[in-house]
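There's a structure below that I have some questions on.
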């Protein structure tokens, strides 16, 4: 299913080489100021252009189809679409017989009995994250006083991102990275015990971003090597402030009023310029091949704003649904 | 909300010191062999008793309330309850004014305006994982040919678990650990693009287990430091077998037929025997205190079977819901 | 699936001849006064005892399993169970070969491949409505200022209910009836355009009560024969009061602040004392048979409180979920 | 929320006077033959043009945005949009102060705090049923062997529909009608006990159509006046054929293999040419007014294909979700 959320619910649609990609937000409150230009700064952050990103450029001009009237949300389903105006389907035709390593080509073909739109990854394309970024802007506006910031803090194992990119270009090989995200201003009490814990819902959302392979909240994997006495965060006042923040702002699945933070592992872009081996369905043998098309050498560069968006979307649903309050 | 899943849907209920804890499975197919004794081996694995676990012992005898008839599931909602027969509420009364560090005491009090059952963590207690383990047995039975195995591969930063526990006992301080889980026999095509990716749904489920702070699939965080040419898994035959398995058995959110595996970070038990500081609401000052009650020094010892269970539950829902097939 | 609702979500479980039947409410707000005795008046109204009802009597003593602490709801899942202490399974064994006309015996056997608990209708028994009545009391308490009243306004085609029952007893044949329900004090704005219209959600809920075959809101079927000029309700003040109320308190699926009312058609109890024909699977022929067991001659007598309960449950979910507000 | 269904899930969006209206189907199986022209016959049936329908004409040319590739569904979300090319917003500006009787103007204004798009009913417009009809065609294709037929069997209380329309034109007053729907070929076992009964799910869907005020299955309201001995349908063979069909093809909420049928009450079009009274917010008094704009004198003429569509959508979800099978 391609929807996410309970009462602030998003549905995405579209394919890499279709006419439009888009998103519908169901359950958006009425009366929120919203213009198409409000979306542009975040959309701009997702765009390629920097060294290490694909030369495929899209205008990424959002079109409001419904749910906005006189520059305000109406409470009706809010649909936003983006035109795909820069597709080269021919790039992909030759790859049908050779599923690309690291990509979903093989599993999509099997899962959908060959009926999937295979051009550019079809529906399973990073192209659709443009729609997530758009919805993220709306979600951020709902949670007044909450600030979400994600950035790339490591690429190819190097905290000097620029150096890492230059090395990748020199190596002509793709690299991954670490995105760090923090949320300030989140009130105490967001999230539910067990299945709708903040970690559950954010991780669910974040793993829907292509290329994400890991997530850790607060001290995360390091916590597994700590002692309880040093991991526990001592409360120091009435409002729940803690001396340390190993919990990453979450206890028992519920926000505790301290800064929420987590780290996300992004694998190297599957489409590397390097020659690789894969199975050729026609020749029925393993063959060397090189991916064609225009690709990001370090997709992680463009992921932070997507992490912000999906985090905002996940939190907005929990935020609006605080039945315990 | 305390339910999880779309068509194989579980609902848990109960509190640490209530009469019963339990679970209802809605959407369980009819005709699956099931007796209460089928649940015992997994329930036994979750029980305390080993060094490093709590001396609080429960019988953990499952009672089928509904949904089973003549030793088969009927297709109606399947409810299983467990009696709580070993509770000591008095242990907790004195703690109301001093929210325990690392626990959810503070956030639950705020979220539920003081109406939550605070005894032993109330609903937000690890006690409820007994019900998850029970449902996990049912989920495992649904996916014939699929084998899920989780084990504790590291405790307190040490791969020699026994040594780690002995050190924790000597130190009188709690420790965490790493649970590694693999799934064999999962067919190609389980999971959906984007929001119901295998990673999304498993991580959602796994983070509902108290004390989990991180998860990584396949090469996980290490992938962030790899190059595309070495991270990509080359396909080597018609059935999708790959030479390496950095993807952990998942491409584009969908199972690829290779072994699925992931690692889970468990923080140290919050209830450490060590003296700690916390805020005292009565005296309005930070005070030293020591947790009373009976607790696990290394809760991670008891988590693997819970990870197995919740993974089975998550996969069963995706497995039964393969509309793409 | 045996759950209903989005954020005030109920799950029922149990069988007619099992040990317990019960219900879990997920999403119940914390802090609502609730004792087991609060449920008794509505449970009493559902009980048999009057002329025309079954001599099978149950204590119907509600047991709170979870979600209530110190006489208040806690915000955690609220589970209530009822013991079945008056079952006679032997009554049903002989009927396995002869699906009872009007009952679900035949369809349940086919749908669940013979694995369903066939005793007394199993899960598909009116017995489970005891759990709905319990949840209805909770739902009513959530909507302060809202009063829901349902009553039997016609039985066997006769507005004099007592006379109708006496005739049915004399005829030794079961009868149906009409339940009329009104809701006062519902604020403007409950319900959503299209799929979660008040009519959609109430009808969904009401048709889950066994024996319901029709529902109409406001002027209902009569509206189909009216002219627009006489059907339309003229607004006469700022608060939306209308001169007439053909709309039954709902416009465009949303409550308009006037009295909400609807009528429900209840078919005659399927278990009539009269001899009937049915297919005998063993003899492979149509044979005469008479239903044994203890049954209601006019189940409609006991339905009003169930209609009230399920209406409260349906409205509470919409009420708590007014994102448009 | 503007979505419906669990695994075959639809989401509608758009406003009467927006640029497009549309629908996304999430969970549509892959490999179904589908072209835009497949939708035209049903779309044609919904169009105005006959006597008694609005002169507002739309092209109603469906545009596939996603989910279809090489004339087959792909398994990805299927989005279909329709352009609104015949809107006259000016018609509605003057009505802001005078909520139209029978319409949702008043409740929408209150529910959405005045932020709703009020032009032509905004999102709450019958215009959106064009999208439901489109999705209905897809749903029908999924259930091979199942035939759904709805027709207008009564208008203004008259079974001679043409005469009824002529009278309405002569009277210059709007009328309602009765839509009768039957479903042939539905296998035994569709639907669930209690909350997802066939009646529950179909009624939920049907009441989402504007102007519907009642529904009855099988003998419906007449059943309330029958005796059990005459209402019960005797089974006469192994496959569940019944001698009569008072149940309308449903027992215990589950299809029994006989013809499924139900009747739907449609109220008269709210926009009648007759002068009416309503509250004027500006003058703060009741005033006479006449609806302007182009409207259907008998909207019931155009409803049957919408009932067919929404019935197909509701059944497809139950059909694909037969976990009991």
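First chain written, first letter: the chains are A, B, C and D, and each begins at residue 1.
The rule we apply is simple: a residue touches a chain if its C-beta (ideal position, glycine included) is under 8 Å from a C-beta of that chain, and two chains touch if they have at least 3 such contacts.
This is a predicted model, so every value here is computed, not measured.
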{"item": "Which listed pair, B-C, B-D or C-D, duplicates the contacts of A-D in over half of its pairs", "value": "B-C"}
{"item": "Chain at maximum distance from chain D, centres defined as averaged CA atoms", "value": "B"}
{"item": "Result of counting contacting C-beta pairs for A-B and A-C, higher pair", "value": "A-B"}
{"item": "Separation of chain A from chain B, taking each centre as the mean of its C-alpha atoms, in whole Å", "value": "25"}
{"item": "Centre-of-Cα separation between chain C and chain B, whole angstrom", "value": "37"}
{"item": "Centroid distance [mean C-alpha coordinates] between chain C and chain A, Å", "value": "44"}
{"item": "Sites on chain A at which at least two other chains make contact", "value": "1-3, 6-7, 12, 27, 30, 75-76, 111-113, 123, 193, 321, 324"}
{"item": "Of chain B, residues touching chain D in the complex", "value": "6-8, 27-30, 75-76, 193, 320-321, 323-324"}
{"item": "Touching residues on chain C, where the partner in the complex is chain B", "value": "1-3, 7, 9, 11-15, 18-22, 24, 26-27, 30-31, 63, 65-67, 69, 72-79, 81, 111-113, 115-117, 122-123"}
{"item": "List of chain A residues in touch with chain B within their complex", "value": "1-4, 6, 12, 99, 101-104, 106-108, 110-113, 121, 123-124, 128, 154, 156-157, 168, 171, 173-178, 188-189, 192-197, 199-201, 203-205, 207-208, 210, 212-221, 223-229, 231-238, 240, 242-243, 246-248, 251-256, 265-272, 274, 276-279, 281, 284, 286, 300, 321-322, 324-325"}
